[in-house]
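What follows is a set of structures to go through.
After this come two complexes, each holding chain A, first together with chain B and then together with chain C.
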Partner chain A sequence: MSIDVRNVTKTFRTFTALHEINLHVNTGELIALLGPSGCGKTTLLRILAGLEGPTTGAILLNDQEVTDRHIGERGVGFVFQHYALFRHMTVFENIAFGLRVRPRSTRPTNETIDEKVRELLKLVQLEWLGDRYPRQLSGGQRQRVALARALAVEPTVLLLDEPFGALDAKVRKELRRWLRRLHTDLHVTSVFVTHDQDEALEVADRVVVMNKGRIEQIGTPEEVYEHPASPFVYDFLGGVNLFHGRVHEGRVQVGDLNLALREQSGIPDGPAIGYVRPHEIDLHRHPGEEGAIEALVGRIQPVGAVARLEMVRTDNGELIEGEVSQQQWRELALSTGERVYVRPKSLRVFPEPVE
Partner chain B sequence: MTTGVLSLDKGTSRIASTVAEPVLVRLALILVSLTFLGLFLFVPLAAILFEALKHGLGTYLASFQEPDAIAAIQLTLLATAIALPLNVVFGLSAAWAIAKFEFWGKQVLITLIDLPFSVSPVVAGLIYVLLFGLQGALGPWLAAHDIKIIFAVPGIVLATIFVTFPFVARELIPHMQAQGKDEEEAALVLGATGWQTFRRVTLPSIKWSLLYGVILCNARAMGEFGAVSVVSGHIRGETNTMPLHVEILYNEYNYVAAFAVASLLALLSLVTLAAKSLVEWTSSVEQKENRP
Partner chain C sequence: MSILLKQPTVLPGFGLTLGFTLLYLSLIVLIPLAGLFVKTSALTGEQFWSAVSDPRTVASYQLTFGLSFVAALLNAFFGVIIAWVLVRYSFPGRKFVDALVDLPFALPTAVAGIALTAVFSVNGWIGRYLEPLGIKIAFTPLGVLVALTFIGLPFVVRTVQPVLQDLEKEIEEAAASLGATRWKTVTRVIFPEVFPALLTGFTSAFARALGEYGSVVFISGNMPMRTEITPLLIITKLEQYDYAGAAAIAVVMLVASFILLLIINGLQWWSGRRQVAF
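What follows is the complex of A and B.
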């Protein structure tokens, strides 16, 4: 089932949580809403579920407007951040809940419910825990029970709020892969909220990067990582070097480095910010003809497939992070305190935002 | 008592003895508490029973067969039977509203719920007299329509409701606030109706707090003296509740009957205490079972 969000704005008294959000999710897609806390991602998810109403705008499921439809009739499954399992019910009863509360005419028989719950317990690999109470389970187990409970009503859309937020790193990674596999098997349209860029990039088909109630970029993990649409996306997806410089007649000047901008970049002359990821940096022992940024080598971490190093710019003392292959590293043979010349392979330039 | 304390000391590890108070201090504290309890609780309780049974069991039981005593007991039961369900309904609604919704004036509502705790019961009674009494605001209208509230059963019921209404709400609010509304939201998303959500999710999780509140409310409703005394008018056999009846008998030097009815009230408080402990014990056992 496809999801359409049309011009949705949400205000809480004086605070605007969402500004004119437009989003289309295709049937069977797995979408991540990614952003820092307070960016409105959870509010958007709750509006999709019907737990909140939009101030203006509309929500469509399968091209049908559901904005005013009651929450229980939308056919969505919702997994809460802290699971919200019914603490006085067993795992079995938790999963059966959605079936047991149906009106008599559509309620399955007890045998059917029994069968269905066992099937779901098997799906989430917790067959032997049916008669336990939520308190007796670990975080990861609770998460899977919450998922089974949401799936029991055969939702057409599955919404997950920070599904791995409260778990420790190892369980998190496992569950991440498991969720991805589950989605491949079930193919139910899913939207999940996260503040962890690795999680979004690894699990989702497409990532929606949000900031301050607005969508900054929508794209595949590759698109948002390789071609960030804004300085915010660049920053938020992590591990990035930032250079302040000046744009003049199609060229950008950063320290002693002068680079040509890509054609038709449309960036006006004036102050600008350049972004470059650590692995997109070339290191040299000599400045070369095009000029380079001079720096001193700081801490070195030559572990694994790449060598990571920190450098301090000699002109303004700012830190630069770099990553080079082990082979390059051996060729350069640098050590702490030595002079090095830094040249970005590609520099993404944005006009300096006006404060 | 002392042996119990000392054996506990032996049972705990060495670390405990380094942070615990010296034995003498502990003994002194326990002794002070026990003496206090004995003087102010057990001695009066024993006195009541002693006085009530001084002239034998026959006289004691005869005190309850007197028509005025029966009327007093019936009135107390009636007032409680009306106040209690209303209290549960009000307490649940107020706690639900406060814990699950955001609305303007929430703090004011919370403060107002505590009002009967802070206002003297006599003042509470007087409010009703000023409102419904003959000289009161609504007095002439009520008199014209031949409705009696003050110095009649409705006044007693009203006063009882007023003094007891915080009990259930007070027990439920912190509990429901701590639980949040995630579980209710989960139930709604799963397709449950509002009533199903309340019956299957909310009520089971608050049942012990609710029962606790009901027990406390019941005890207060039966034992209330001040507010009821003001609005009652002390008409024997008509508007006397048990506590008022005790006072009248005592003032008439009918000690045996007074202490007999008083012993019934004391018995009630003991039953309440037992019920309260049972509820606390059961709910803690249930919580323990739910833990790993």
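What follows is the complex of A and C.
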């Protein structure tokens, strides 16, 4: 089932949580709403679910307007960050709840419910925990029960509000892979909210990056990571180095470094900010012809697949983070306090925002 | 087994606090109550029986236990509604209403009794409008019920209120998202969460009503066989210097109350066990 969000604005008294949001989600897609806290992503999800109404605008499910429809009639499954399981019910009864509360005419028989719940318990790999109470489960197990409960009513859209937010790193990683697999199997149109860019990039088909109640960019994980549409997206999707410089006739000057701008970027002359990810940095022991940014090596973290190092610019004292492969690292043989020349492999330049 | 008891624990002071608890309970509760039994033992079995099974006394048991139970039920029902309103909605004067709930705690019961009598008597503010309808409250069992309900109200509200407050809004949203109607959400999700606290409140209100004396004696009219409560009967006996007879009735009251409270506690344990199953 497709989802359309049309010109949705949401205001709480004087605060505008969402500005004119437009979004289309294709049938069977898995979408991540990504952004820092307070960016409006949860509000948008709650409006999709019908837990909240938009101030203006419309929500369409399968091209049918559902803006004024109650959550119970939208056919959406909602998974809460803190699980919201019914404490006084067993896992089994929690999952069966959505079926048991149906009006008598559409309620399945007890045997059907029984069968369905067992099926779902199997799906979330918790067959043996049916008669436990939520308190007896770990966080990851609880969230899987919450998911099974939401799936029991066979929703056409699955909405997840920071589903792994309350879990520790390892369980989180496991669960998001599992969610990805589940989605591949079930193919329910799903939208999940997260503030964790790794999670969004790893799990989602498309990522919607939000900031201050507006959508900054919509795209596949590759698109938003490789071609960020705005400085915010660049900054939010992983570590980044910032270089303040000036654009002049198609070239950018940062310290002693002078680079040609990529194609027709259309950036006006004037102050600009260049963004480069730590792994897109070349390090040299000599400045070279094109010029480079001179820095001193600070803290070094040579553990893992890449060596991470912090460098301090000699001209203005700003910090630069770099990541180089272990092989390169051995060739460079740098140590703390040594002079190094930094040259970005690719620098993404945006005009300096006018404050 | 002394070895087991000596095991070090992260929460020291068990021995000291338990000792204090026992001492305190003995001084405040057990010793006075034991006195009651001692006093009763002055009676022979026959005397005891005639004191406690006198028709007038039996009628008072029925009135006291029956009306206390009904009053506690009423309080359970309306107390939940009041707690719900206080927790869920914000309206001007909410703090004031909240404070009002405690009034029956603070008011001297005699004052409450006189005030209720004045209001509900045939020419009182409310009583005068009920009279033409054939409803008499003051000086009837209904009046006793009003008094017992009045003094028990805060118990239910104050036990249910924090539980409702702690109830996550998401639980209701989850129920709604699963297609539950509002009614089903309330009966299947909220009520079971509140039930243990409600039972506690009910028990307290019931226990309080059983022992109530001050407010009832004014509004009941104290007619033997009709509106005479057991505590009043005890006082009457005391005024006639029939200490042993008074103690005998008190013992019956005590044992009956104790058994009832045990049963309710058992219920509570049973309903709580399902929930807090760690």
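FYI, the second predicted complex is superposed on the first by the 355 of 355 C-alpha atoms of A that agree within 3 Å, B and C clash if a C-alpha of one lies under 4 Å from a C-alpha of the other, contacts with A are read in each partner's own complex, and residues count from 1 in each chain.
Basically, a contact is a pair of C-beta atoms (placed from the backbone, for glycine too) under 8 Å apart; a residue touches a chain by one contact, two chains touch by 3 or more.
Since this is a predicted model, take the numbers as computed values, not measurements.
Visitor: With everything superposed onto chain A, say whether chain B and chain C fit together or clash.
Guide: The answer is clash.
Visitor: Look at A:58 in the shared chain and tell me whether it touches chain B only, chain C only, both, or neither; answer first, second, both or neither.
Guide: After superposing on A, A:58 lies clear of both chain B and chain C.
Visitor: Scan A:240 for contacts with chain B and chain C and give back first, second, both or neither.
Guide: neither
Visitor: When the two structures are overlaid on chain A, which partner does A:229 contact: first (chain B), second (chain C), both, or neither?
Guide: In the superposition, A:229 contacts neither chain B nor chain C.
Visitor: Return first, second, both or neither, reflecting whether A:267 touches chain B, chain C, both chains, or no partner chain.
Guide: A:267 sits against neither chain B nor chain C.
Visitor: Identify the partner contact of A:80: answer first if only chain B is touched, second if only chain C is, both if each is, neither if none is.
Guide: After superposing on A, A:80 lies in contact with both chain B and chain C.
Visitor: Once the two structures are superposed, pull the chain A residues common to the chain B and chain C interfaces.
Guide: In chain A, residues 49, 51, 71-73, 76-78, 80, 82, 84-88, 97-98, 101-102, 133, 135-136, 149-150, 152-153 are touched by chain B and also by chain C.
Visitor: Could you pull out which chain C residues touch chain A in their complex?
Guide: Touch residues, chain C against chain A: 168, 170-171, 173-181, 184, 188-189, 192-193, 274-278.
Visitor: Would you pull the chain B residues touching chain A in the complex into a rising list?
Guide: 182-183, 185-193, 196, 200-201, 204-205, 289-292
Visitor: Taking the touch rule as given, give the residues of chain A at its contact with chain B in the complex, in rising order.
Guide: Touching chain B: residues 49-51, 71-73, 76-78, 80, 82, 84-88, 97-98, 101-102, 133-136, 149-150, 152-153 of chain A.
Visitor: Would you mind writing out the residues of chain A in touch with chain C in their complex?
Guide: Touching chain C from chain A are residues 49, 51, 70-73, 76-78, 80, 82, 84-89, 97-98, 101-102, 133, 135-136, 146, 149-150, 152-153.
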